[in-house]
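Across the two complexes that follow, chain A remains constant while its partner is chain B and subsequently chain C.
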Partner chain A sequence: MIRIERRLRQPRLLSVVVPLVSVGFAFGLIALVLLATGHDPGHTYGKLFRSAFGDTGALTSTFASATPLVFTGLAAAAAFRMNLFNIGAEGQLYFGVVGAVAAALLLHGAPGAVQIAGMCVGGAALGALWASIPGILRAFGRTNEIITSLMLNYVAGLVINFLIFDTHSYWRDTTSPSAAVFPQGKALPDAALWPVATITHAAGGVLLPLGFMVAAGAAIVLWTLYRHTRFGFELNVIADSPRAARYAGMRTRRKILAVMALSGAIAGLGGAAQAGNFDHLLDPRGLQQQFYGYTGIVVAALARYNPFAVVLVAFLLGGLKNAGFALQGADFPSGLVGVMQGIFLFSVLGGEILIRYRFRLKREPGAAHLPEPVP
Partner chain B sequence: MNNSIAVVIAASAVLYGTPLLYAGLGELLAERAGVLNLGVQGMMLVGAAMGFWTVQRFHVGSGGALLTAVGVAALAGAAMALIHGFLVITLRASQIVSGLALTIFAGAAGLSSYLGNDLNLASNPARHQFGAVFPSAAQHWPIVGPILFGQNLLVYASWFCVLAVGLYLSRTRPGLNVRAVGESPAAADAMGIDVIAYRYAHVLAGGAFAGVGGACFSLAITPQWVPGDEMIAGGAGWIAIALVIFAFWRPDLVLVGAYLFGAFAALPFTLQARGVTIAPELFQSLPYVMTVLVLVLVSSGVAKRRLGAPAALGLPYVREER
Partner chain C sequence: MRAITKRFPGVLANDRVDFEAASGEVHALLGENGAGKSTLSNILTGLYRPDEGEIELHGKPVHFRSPRDALDARIGMVHQHFRLVTPFTVAENVVLGDHRGEGRTLRLRPRAIERRVAELGEQYGLRVDPRARIWQLSVGEQQRVEILKTLYREARILILDEPTAVLTPQESEALFRTLRTMAAEGRTIVFISHKLNEVKAVADRVTVLRAGRSVATATAAEATAQSLAALMVGREIPAPARIATAKRPGRPALELEALCAQGDRGAPALHEVSLTVRAGEIVAVAGVAGNGQRELAETITGMRPPSGGAVKVAGVALATGDPRAAIAAGVAHVPEDRLGTGLAPSLSIASNVVLKSYRSGEASRGPFLRHGGIRRLAVEAIRRYGVSAPGPTTPARQLSGGNLQKVVLAREFSGKPRVLVAASPTRGLDVGAIETIHTYLREAAATGVAILLISEDLDEILALADRIAVLYEGRIVGERHCPGADVGEIGLLMAGGAGT
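And now, the complex of A and B:
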């Protein structure tokens, strides 16, 4: 009989080793899936790795697909660490794009730096605002934020559809010839396009988008905030024991609202980066096909809510996504990326039990006597 | 009279509400046992794919193929739910993250799309589909004809399921036990109820219902396989989750809510066909907005106890830690 007991102490080492072993386990499992469906795992993994990280072009695309995931991953991590399950990064990112594009269009003619800063502010503000709805409901109405933030994702998706397809809004392009054929968003002014840094490399250059650097900066800020400030300390207390926090006089409700807004602001910033670096307009269809927000939750969970690990995991999952896109075809069926992400997540989630609990073989009831004391 | 807009909308509300009804009933069973499964979307899509595959490949008469297809869809949904069940019940993982993982694993960019490609589902329309059951004379009766007699077998079966689930939860011993497991697993355990077994059974049943709900799309509403099916990928699974809350976790209200949300899904098409232009997003967003409002309502004081979620929803049960 196996007994599962809670560990009194969670060894540091385990929280690193267990996820790594889980990922290894997932690779094994996926290899079985590939074998079962008639693919050679070694060949597929090799191709996958090469198209994700193999050359400068691959790395450039990987950075591009990782950028939004870092933001949504950080957004989820910021809230989940606090036991606030904000599943709304998806919708908050849409609103981030809306805010950022509006800011850039309003600041038309201003210097590029001003426009980019304006996009960040606009994106973060709208993201935070959208996240405040479940935040307020949770803080003051005790309404479960999981479901409300989830429902609001769909509302947000419908709002951006409305802005482009069913009304002549500020965001919609009504003048260009192609817009007459199919509704599309207004393009950003040229000065508002986010720059891309080139890292020179022997075989060409890897393009590092500004958005990725902003995301990495956000990770550092978030880590500092949670680790080294009074605000972060109070958050940790509230997360571990809401009752203790209340007795200590901490303002729990305000903190809930603040964390939700922070989480939404990060997701909104992700929207700004997406618009500035890659999309250059509000594109409802494109945004809703990517599932950035939901994948961000995967990223945060795989990273065990550590901001730096989020950057790393987002980079790896970005690579997987980009490689999956590049390889799509007979060799690599389109659904395999989702299957692989799912298996990674299932393995790491299932592995968590090894960190929190230990397994013991229970002796038979008859043999459970203490040894006789030696006289 | 049968072409009046109200009748057309009511008839299509029933048609479009049926998949929501199945999936909602399934989610209700799982949640009543204390397990939140956010993977409905994924389970529905895999059910739709496998159901469709069965009618294409299983060469028997139309009736046999369709019934087998529904069975296969239910099994496929249950198999997906088993992953979630194992993770959250046995391994005590977060129900939220696991459910989302299931959506990603099985959803529009995952297993269902993989199956659709690998089994080559998109190439042909369905060989069989669920059609109207009653003779066409009955379907032309004023008002009740199209609404009640113009539907397919899955619709009538869903009414039976609502009745069965309702009676099960309120009138039988196992049903009472399920409610105990969802409200207070420790008390249920002390009464000698096997909490783990009950949770597994109802998560699996929930998956089976979701699978059938998905099959409603691929076998009746749009009898073909569209990669990343808009109707399902458009959020039927999430609406089903919303529906359970909207219905205060009661099977009879799930029926009402499903048809209401079904009407919202059908309204834009119906109005468009009649040349009325109202932004479709308005109706499409109503289920979500209404669910948020209902949730706010049931979160407060008195309402929470009478109408709110099962008390142990989302929490793992560990006997040693109660």
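And now, the complex of A and C:
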């Protein structure tokens, strides 16, 4: 008989070894699938690695795919650590784009730095505001934030559709010729486009978007907040035992609201970066096809809510996503790419159970022999 | 039971324990908390399976695969926390889970069951109305239902886990008479306890467990309380004695004025409780569990908003329902639930030491924490209160009960309190830790802290208190000076037997 027991202590070594073994296991399993479908695993893996991290072009697009994932991963990690399951980074990111684009358009003509700072503030503010709705409901009405934040994602999606397709809103482009054919958002002023740093050291140069650097900065701020501040101390206590926090005189409801707003602000900042560095306008269709918010939950889980690990995991998943696009072709169906990514995530997440539990083999004791009850 | 061994991850709960009880005897299983009494009884009732060793019943080996096997072998258990369905009637609870005869039919015949329950109650002095619903019954009555359950199933072996913890002295007496009757019929009674006097009063033989091993089996009549205590803790301990101190109670530090509060379900739990504790005085609130003690402690410390009345500290009324206001006014609180309320389980000892003082200058500067300062405070607390722990970064969860309580006390006293509300501060602790905690409480009182001791343990109250107030159904039904209080009278008051 196999018994599963909870580990009393989680050895540090395991938390490094298990993910590595999981990745190896995934590659092995994927190789079998590739062989069964008539592809050469070695060739495929080579191509995968090259198109994710292999050359400057690949790295540039990996940074681009990773940037929004760092933000949404941090947003999820900030809330999940507190046992606040904010599933709403998706919608909060949409609102971040709305806020950032509005800020840039309003600051038209101002210096670029001012416009970019304004976008950050606008995006973070709207994201925080949108996340405060489930935050207030949870803190003061005891509703389940998973349901409310999830449902508000759909509302947010409908709102951005409405802003572009159904009204002549401030965000909609009504002048350019192409906008007359198909509704689209107003383009950002040129000064509001976020710069891209070029790391010239490699041939051709890797392009590092400002958004990625802002995201890395957010990770540092978040880590400092949780580790080195009184606010973070209170959050750690509330996360561990809300009763102990109340006993110690902490204002738990305000903290719940604050964390939800913080989580939303990070997702909103992600929206600002997405608009400033990549989209340059409010694009409802494009945003809703990416599932940045939901992928961020996976990123946070894999990173075990550690802000620095979020940056790393987002980078790897961003690479995997790019490689997926590169692999697709006439002889390589997109479904197979999906299978590969699925096996990969499944193995890595499944490995987590080995860190928290251990398996023991045990012999089944003999069958019961019951005596006749003595009268 | 022979050479029973049971391991849990990281703990050897039972280490080759031998235990034997004869028909017709009351056999006490004595041991400190954590000695392995509960594990052993859970093995005997089929809840756990032993890793090694075997159980013989009436000379034949048995293997219990589930609690049902144990029930079929006619072993019954009365748990410390009752396993009753509160909205059901007494009779319904009695047949619940009984898969022979009446319990098996689709439709119950309540009349027959009720008649049988009433008969059994009459026979064993366990009178309860079979048609009453459990929530209407007192704790003592609920315990009778638990015993009736086992009698109804014709248990030959009955295990009781600390049955007197929830009873008044009078109720305990009645229980002992019932147990003697049952033993006289040839049943085996296993009586689990850590109270020496009770064991002497009711048992024929005693088996002492210490640190998971059975250390001795003795005839109760021959053993003395001292010799049993020595076996239990592994050394001689002095009989609990009251340490006389000359005291001049100071000004009123804590005043409760007609305090009312509601319980968790919204029913009134405290009715116009008025009480004064002076500086340097220990006032004990005695009472059987569930008579409003928890609500009283929580209301005074701001964790529960009162529905009427006021709490005054040094003459100033506290803002209600705000723990931070109570802390600021100098009210320290040792909560009933140490791990979970008093301490954050996964956080380090250091974090728990500054749980209330993290805003102070030593623990933080502006919005930032000073980890060095926090560490110093923790190391100091560990040293001064003799907490045995690997270091300040050890998670609270890994400490034993006594050490947890030391951490709580270290923190609460570090705030230089005026008032200390201590709820069951020694419950579940071993004898050594109890002594230590009592010493700290006495010392605090000597330095002028007003202590409100809420406890269900009369021995503790008699050893510490200057005054005793008895709480019954949310009311103070009597106040007596101590020493000089009559235990029998206090017991009657606890049972609601007499007015002031």
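Here, the second predicted complex is superposed on the first by the 352 of 375 C-alpha atoms of A that agree within 3 Å, B and C clash if a C-alpha of one lies under 4 Å from a C-alpha of the other, contacts with A are read in each partner's own complex, and residues count from 1 in each chain.
Keep this in mind: contacts are C-beta pairs under 8 Å (C-beta built on N, C-alpha and C of every residue); 3 or more make two chains touch, one makes a residue touch a chain.
The shown structure was predicted, so the numbers you read here are calculated from the model rather than taken from an experiment.
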| item | value |
| --- | --- |
| Which partner reaches more residues of chain A (counting touched residues only), chain B or chain C | B |
| Which of chain B and chain C A:248 touches, first, second, both or neither | second |
| First (chain B), second (chain C), both or neither touched by A:159 | first |
| Contacts of A:240 with chain B and chain C, given as first, second, both or neither | second |
| First (chain B), second (chain C), both or neither touched by A:353 | first |
| Intersection of the chain A residues that touch chain B with those that touch chain C | 5-6 |
| Residues of chain A defined as touching chain B within the complex | 5-6, 37, 85, 87, 137, 141-144, 146-148, 150-152, 154-155, 158-159, 161-162, 166-167, 291, 294-295, 297-298, 301, 333-339, 341-343, 345-346, 349-350, 352-353, 356-357 |
| Parts of chain B lying in touch with chain A, wherever the complex brings them together | 36, 38, 83, 86-87, 91-94, 96-98, 100-118, 227, 235, 238, 241-242, 245, 279-281, 284-285, 288-289, 291-292, 295-296, 299-300, 309, 318, 320-321 |
| Of all residues in chain A, those that touch chain C in their complex | 5-8, 228-234, 236-237, 240-241, 243-251, 365-371, 373-374 |
| Of all residues in chain C, those that touch chain A in their complex | 9-10, 49, 57-58, 60-65, 69, 72-74, 156, 301-303, 322-328, 333, 335, 337, 340-347, 351, 355-356, 358-359, 364, 367-369, 371 |
